[in-house]
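We just call them A, B and C in the order they show up, numbering each chain from 1.
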Amino acid sequence: MNPLEILIEYWPRLLDGTLMTLKLTILGALIAGLVSPSLALIRVHAAPMAQAPLRLYVSFMRGTPILAQLFLIFYGSGQFRPTLEEWGLWTFFRDPFNCALLAFALNSTAYQTEILRGGIMGVPQGEIEAAKAIGMSRPKILRRVVFPHAYRIAWPALGNEVILLMKASALASVVTVFDVMGRTRQIFSRTFDFSVYLWAALVYLCITAAFVLLWRQAERRLSRHIHAPGMPRASAQPFKESQA
Amino acid sequence: MFEIFSYGDAGWGDEILRGLAITVQLAIVTLPVGLLIGFLAAFASLSEFRPLRALGFGYTTVMRGLPEILTLFVVYNGVGLLLNLTLRWWKPDAPPTDFSPFVAGVIALGMVFGAFAGEVLRGAFQSLDKGQVEAGRAIGMTDRQIFLRIQLPQLWRFALPGLGNLWINMLKDTALVSVIALDDLMRMTKVAVGVTKQPFTFYLLACLIYWAMCVLSEVVLARMEHRANRGIRRA
Amino acid sequence: MTKPETILKAEDIHKSFGRLEVLKGISLEARNHDVISILGSSGSGKSTFLRCLNFLEIPTSGKVTVHGEEILVKNGKPQNVRHIEDIRSRLGMLFQQFNLWTHRTALENVMEGPVQVKREPKADARDRAEALLKRVGLEDRMHMYPSQLSGGQQQRVAIARALAMEPDAILFDEPTSALDPELVGEVLKVMQSLAAEGRTMIVVTHEMGFAREVSSEVVFLHEGRIAEQGPPDEMFTHPKTEVFERFVSKVK
């Protein structure tokens, strides 16, 4: 068969796989995005002893293959099946999609926490003091000054992390989740037509390219304060006497 | 309870160690292949010749955007197909051969490593002090001499942190070859799990082994960076 | 004429960093309309003292009272922590490095306190912020980000930001020392106009001209203690202590 015939015959499956890849990536990144801010705050502010478990978690997640993490959760949970059944959790762990999502979310949380920690530490101390000086409460300072700033600093690195997560999501195919990679392997095992891999590559590249564009667009919006258009840096202007 | 990890017939210690040996071999053989590809990619993307530059840029961009496991399958199945095609064309009655998963692993991981390393090395080249190259020219060194005597020794210092990260990533990516049936650490663990029915115990053990290798790598890399920065005052 | 009421009172402020004692018991009282200049060579503890007044630096011990609300500090622990934010919202502060929030425009910087801390309606806060920016001569720079403003303009935005909180007193921490010499004047002029309208100000500064001509009282710190204190004319013409005399002759 020629490559186009493969595409014509199997595009619904590839599309289905694409949606699964997007679902895994977006949900995983989102869950990690919700958990990481508080963990990052702990990494910045908590006492070294209180941080120890968190640092161990981050180090473990960064020091082991995601595939191994996925197997640990998906197959490993089987070892505790009676207990998990008792707690009503077995239906969750039996589903490969759930396990893959959990593994990716846990992994991405570790990376996002470290990225955000860097962002928080990059917030100028003076701006925090200025907020204190007008009497802002701590939660408000975090919400109005620290996090808006930290996310601007961390934005490009967070984007990279989402792309890495998208690529890692292809591992879900190993535990029979039918994402792009899973569908591709399925089609290949039927047709032995190599071109399906090239289509899969194209799908991944398109997702990456689209994501990079979107992320840059958002970054431009976020960093208006650094290079706003059409306004030259103002020079010193003579002070006008006040009417007061 | 530890006898399942013991060495010999009763336990899985020897099998897992054999898997570990394959994993380490794979990583060590991949490193020079990946570095070579990385240098080629860096030279291409720094080239004055436009098509070559486009090629370098295209290669690093595409490879970095693809899931590693896809690259692995493309290499394993693609090269395997190609091999059998040539074989049949050359000797029509030959039985189909299997492409070695080890070689497939080295090529695929090397291609991935090379794409990322290309970017690291290009960045390192560009951060080299231009004045030193000019100083080399001024005393009449050839481009080759300038590269070998001035640029390469300093390149190391700029590229080491980035390459170190790539080494650790590659070490972890070796786990993927278990999917194409290479008997590495990950696959031997799977075999042990199949027999003992203790998946959590053995996958945790595998994780701990990978973790130990990564932490060890980090320690060694930190030493190397320290050495590479001798004589450089911190900014 | 009745004596003006006390706005801010600091009593026996001590501050140590580890084993180094930076402030060795400083007391200061600011009454309504006072403009107090705090002078001293670097390392004399003058900035630290100012920062202790609104608890950006927690004193090791001492007492600060702002408008009847007092906070007592013992062993580095303030007794009623919850009043700190309250006291801070009553004291404006200007920083050496301006410390504008770089991700917000000039106008947003000025509106932030009234809206977020005092919970004023946005429309009111905006009107007042616009008026204040006009007052410091920046009506045409309101929608610019700090990175688009010169240092002098940034410091004037910071002054508007402090005024927006309608503070009982304003603390100035070397507000002109990070500015290029040609930009110092525009900021000093605004400060001068604030003094003229009767604002209570405590100013840590190196500007002798300002200390001498604008302030009602000068405090000279030396090695963590008040070495000399009094009306500026008297102090500058007849220094009582040798350290202050040397200080004055050096900066001239």
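Observations, loosely collected:
The rule is short, and it goes like this: a contact is a pair of C-beta atoms (placed from the backbone, for glycine too) under 8 Å apart; a residue touches a chain by one contact, two chains touch by 3 or more.
Everything numeric in this text was worked out from a predicted model, so none of it was measured.
Because contacts link the chains only in sequence, without closing, their graph is best described as a line.
The innermost chain, defined by the distance from its C-alpha mean to the mean of all protein C-alpha atoms, is A. For this pair, subunit A with subunit B, the centres built from the Cα atoms lie 24 Å apart. The centroid of the Cα atoms in subunit B and the matching centroid in subunit C are 59 Å apart. Work out the mean CA point of subunit A and of subunit C, and you get 44 Å between them. Shown for subunit A are the residues in touch with two or more other chains, of which there are none.
By the touch rule above, subunit A contacts subunit C in their complex via residues 124, 126-127, 129-137, 140, 144-145, 148-149, 152, 224-226, 228, 231-244. Partner subunit A is touched in their complex by these residues of subunit C: 54, 56, 85-93, 95, 97-105, 112-113, 116-117, 135-137, 141, 144-150, 152-153, 156, 158, 161-162, 165, 180, 182-183, 185-186, 189-190, 193, 197. Residue ranges on subunit A touching subunit B, taken from their complex, read 59-60, 62-69, 71-72, 75-80, 163, 167-171, 173-174, 181, 184-185, 188, 194, 197-198, 200-201, 204-205, 208-209. Subunit B contributes residues 62, 65-70, 73-74, 77-78, 81, 168, 172-176, 178-179, 186, 190, 193, 197-201, 203-204, 206-207, 210-211, 214-215 to its touches with subunit A in the complex.
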